[in-house]
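Structures incoming, each one as structure tokens.
Two complexes are shown next, each including subunit A; its partner changes from subunit B in the first to subunit C in the second.
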Partner chain A sequence: MTTTDNSLNLVIPGDSISLENNDISNIALGPNVTLENDSTLQPTTAGLFVSSSTKGASKNLYYVDTASGRYVPQVGDLVVGTIIGQFGEYYRVSINEFSKEVLLNIFAFPNASKKNRPRLQVRELIYARVSSTEKSVDVELSCVDPTTGKDGGFGALSGGYTFNVSCAYARFLLFTPNAPVLKKMVEKLQFEIAIGVNGKVWIKSDSSKATMLCVYIISESQNWKQSEISENVDKLIKKFKSL
Partner chain B sequence: MSAYTAKQNILQQVDGSATFQFSTTKIISSITGPIEVARPRNEKPTEAFLSISVRPSTGTPTTREAFLEVKLKKILSCMINMEQYPLSEIQIVVQILESGEREQFTCMELACAVNSLYLALLNAGISLKASFLSSFCASKDDNIIVRPTKEELDTSTANHLSVFSISDGKADELIYSDSIGKTTETELFSALAAISSDVNKINETVREVILQSVVDDYVWKF
Partner chain C sequence: MPHIDNTLPIPNIITLHSLLSGNPPLRPSLRQLTEPRPLEISIASSTEYGHIEVKLGETYVSCKVSAQITSPYEDRPFEGTFAIGTEITPMCSPAFTSGVNADFSTAAPAIVPATAISVNNIDSNKEGQTSATAATNNINNNNNNNNNDNAVTMGGGAVMGLAADQAATEILLSRLIEKAVRRSNALDLESLCIIAGQKCWAVRADVRFLNYDGNLVDAASVAVITALLHYRKPDVEVIGSGEGSELVMYDEKQREMVPLSVLHIPICVTFQFFSTESVERNIKGENANSLVNNKNYIKENSDNDDDDLERMDIDNDAPRGSNEIIIVDATAEEELLSQGSMTVTLNSNKELCQISKSGGLNVDSVRILECCQIASDIVNKWTKEIKKVLAADIEKRRDLRAERVLSVVNDRSTE
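Let's turn to the complex of A and B:
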């Protein structure tokens, strides 16, 4: 693939991006951009520059999307984490290797009470939502859906297998309705999946062989073009069947 | 003038990595971060802590490598948005694969390390104030040799290294300058001019490498 500088809007730090309309009261800045002065933006890392002004929304959104790099928690993110300890009223949860551990209140489950609450063991996996990221305070998770107060698919993940993909790919799988690779997989396979934007994917299928096939397909699909997905998935399924 | 090559995303177990090569000098560097501070006493309440280690091509690190670490820390701490990562650590490892110069010089290794770290930082998604690149030159009898060979460096009277920030594809501000040997003010200024135009040239290739690597990261999108 050749680098197409203009059509893809690739930027690196130091490239000034001038805004078309100079009304800075009307813009919202996403990750990896800073406002240099009233009319220019500066990217802070290499990536794809995205500007979106959806109809109805009052503000123009600008950000730089980057595939590489370590996950930094933001409020509202859906993450897959591992319980690594318990102290007082909190579980200690790891959502990324070597990153600062985060907290999960033992009552942050739907209808949890002192007597009736999930008892999580060390090394158990959970699917949760980042509920607060205050400065100088540990990040906190929650397993309650904030809009309904119900479980909303959050909670302990039992069985299955977890592996890493790039953060951008995890976001793509999670937020794209009918992501091509998942759409192709559901035609042929049965599985349960939980995707965390921290780049962790949990998958569970009927047998461990089937689970490993799903794991293999998803982690390999990071290097496939969309046009190759169908062919490659079929090839892998055939390969696993002959094992 | 020596040739150069650059490549990003070499290592799988770190957040960012890159190699950079100036003919005989080759360096691979890796970035891990922002992570939890390994030693609590290093934790800074308002900014990131940079833990830099330079590993020589042979033997164990000496004062020479420690000196390089100090220089790299000076350069990097003003290019990274440090206040964006309070209470965290950014681990930086620079492994010299081939030194390509004698022990009394460091300019080739330092320039190579700065360039490979720039690529590795971008690969790790660490927030930068601007792009930056480095080059070096040697002076001999009023002549400036940009990116000299080992032999040219041996016979030179002085060598100069500098790091420039890059804005809109052109060398912009002088970030760091380091000279060893007997030199004059006019010689230093012409050296800086020569290095800045060389940085412009290196940037053309390096930019292509970076953008290609971004495109490669998004194969699944197209």
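Let's turn to the complex of A and C:
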């Protein structure tokens, strides 16, 4: 199988993917692939094989993107979570229903001090970054942008509505520049959005009715073909206006 | 997967509430208030009888009917037995745990005291956004002042689903189904008698919940009754009489299997109630005092019963049901928010088998009658669906060759 940059191919376990470029010192492996020998890769799960080399980066990245699976926190991931409690210097945050909760230090906010820090309430929503994932240790979140030390859009999300999509779809929405659905929605609607790679999307529009429309479009769009998007969005807006 | 653990975030609660109390009231799925999700009934096995799977939106229930020969209860020698097993396992949602020692941390208590949410600022005429912001501000105020525990959230009296704890959910659910199907005499137990006082059929319907997205009761009731209608038990015959009598059971090839005698088709329709008014109740403040006063009052006047009743009535701080929103076939998320539920069981002849409303919002009797009317329409629709599926299955199972052979054997035409 030959691979080109940013190409997508369906692979299943047992396939062997031969690399064009035989220099294995120059590759980085992402999730769900293992190195079989010097020039072939083996997928460990069914999914889309992605190989990408960004300009300027020295290494080629290879991974298999799969639609199934639960979210497993990785450092740097942007997540939407719900505060479910507080103890000592930490908030307990749920980023995945029925999974172990993660921690958010009460000082992990820009310029937070003992007196001046955001007081979050149980059940409040936050947008945060995964700051540490060590084996056998609780996962920790942070609401500080590590490059600037400022808030970088992190923090409590007030108003709006949060709902779940598949992790793969959340990644798609977050990492695809001009994701077709969002591009179409921006033309017609006004909204704020926060996408967590944990499969949670928060959206807020100017009224709860409009928010629900956005929620509806995004959760429905998971099952649409690319060509249908424009038509379906228009249809839903029309249906919605008649309500 | 919707938010189905009890950590429904505040923004969701507020948005959903303002949607429901808006004008016109809307549901998150944009479904009509009295419109159930699409019902999908399928026959799970093409060879066996009585194995049905029912999908109501994302809620997925399977029911398998089986029968065996036992001796009847001593006090009811002319009747067979019928039992329904409804066990909720983690298979349908991780929110449910198996075993008696359910993990109550995942199942919220009936009244969720977790946060202070006041929704009294929401005005149905205003835009949702302004009210949502106002409510959020209010929350922050409450939080700063009183450490969260001064008010009760919405989701007060929901009894079904996760808003109640699992043990309660399970008991309520099995009782509802029992009442709907078994105690409404849907299955004619006397027809299950083989030899009075000695042998009878014991019919069992085992319900398995495969996925939970609200409204397990309605889906389960449809599954049980469809499975009963579909089930065929082997034909039996008693040869001889008295001491030396013998019971012969014929298998499918020897004799046509016999359907159970189902007298009517009761179907449950569950309604959830929401109040558009504020549901905030101040525990720490006024009401707590008034409760104390009330108690004193009762003590003082314990000899005057009428007065007590009056006073109790005034101080009854349950949400008033003046402008409640009623929805059918709630999803898991809607169940979490609901302030009360009611299950109505009807058959297509508009015979009411049960109304079950355990606690929750007060609802006007007129609205209850309206509910029954709505339920009747839904029941008619679902009964048609059940009959359609069963008829299609009978058609599918017809053994044309055997029928032709039999028709030749029995052909009495003189040509």
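We adopt the following convention: the second predicted complex is superposed on the first by the 230 of 243 C-alpha atoms of A that agree within 3 Å, B and C clash if a C-alpha of one lies under 4 Å from a C-alpha of the other, contacts with A are read in each partner's own complex, and residues count from 1 in each chain.
Operating definition for what follows: contacts are C-beta pairs under 8 Å (C-beta built on N, C-alpha and C of every residue); 3 or more make two chains touch, one makes a residue touch a chain.
What you see is a predicted model; the values in this text were computed from it and never measured.
S.K.: In the three-chain superposition, say which chain, subunit B or subunit C, touches more residues of subunit A.
M.R.: B
S.K.: After superposition on the shared chain, which partner residues are touched by A:T147: those of subunit B (first), subunit C (second), both, or neither?
M.R.: A:T147 contacts neither subunit B nor subunit C.
S.K.: A:F163 contacts which: subunit B (first), subunit C (second), both, neither?
M.R.: Touch partner of A:F163: subunit C, not subunit B.
S.K.: So in the superposed three-chain picture, is A:S58 touching just subunit B, just subunit C, both, or none of them (first/second/both/neither)?
M.R.: A:S58 sits against neither subunit B nor subunit C.
S.K.: Now for A:S94: first (subunit B), second (subunit C), both, or neither, which partner does it touch?
M.R.: second
S.K.: Tell me the contact category for A:A67 with respect to subunit B and subunit C: first, second, both or neither.
M.R.: It touches subunit B, and subunit C stays clear.
S.K.: Which holds for A:N116: it touches subunit B only (first), subunit C only (second), both, or neither?
M.R.: neither
S.K.: Should A:N37 be classified as contacting the first partner (subunit B), the second (subunit C), both, or neither?
M.R.: In the superposed model, A:N37 contacts neither subunit B nor subunit C.
S.K.: Which holds for A:Q226: it touches subunit B only (first), subunit C only (second), both, or neither?
M.R.: The answer is first: A:Q226 touches subunit B but not subunit C.
S.K.: Classify the contacts of A:M212 with the two partner chains as first (subunit B alone), second (subunit C alone), both, or neither.
M.R.: A:M212 sits against subunit C, while subunit B stays out of touch.
S.K.: Need the overlap of the two footprints on subunit A, from subunit B and from subunit C, as residue ranges.
M.R.: 98
S.K.: Would you pull the subunit A residues touching subunit C in the complex into a rising list?
M.R.: 82, 84, 94, 97-98, 119, 121-125, 157-164, 202, 204, 206-209, 211-212, 215-216, 239-240, 243
S.K.: Touching subunit A in the complex: which residues of subunit B?
M.R.: Counting only subunit B, the residues touching subunit A are 9, 15-16, 32-36, 45, 81, 86-88, 122-131, 165-169, 172, 207-208, 210-222.
S.K.: Write out the stretch or stretches of subunit C touching subunit A in their complex.
M.R.: 1-5, 7-16, 18-19, 22, 24, 26, 28-30, 94-95, 106, 114-115, 127-129, 132-133, 136, 139-140, 143-144, 148
S.K.: Inside the complex, what are the residues of subunit A that reach subunit B?
M.R.: Within the complex, subunit A contacts subunit B at residues 1, 3, 5, 8, 10, 12-16, 32, 42, 44-48, 66-70, 72, 98-101, 135-136, 166, 168-169, 172, 181, 221-226.
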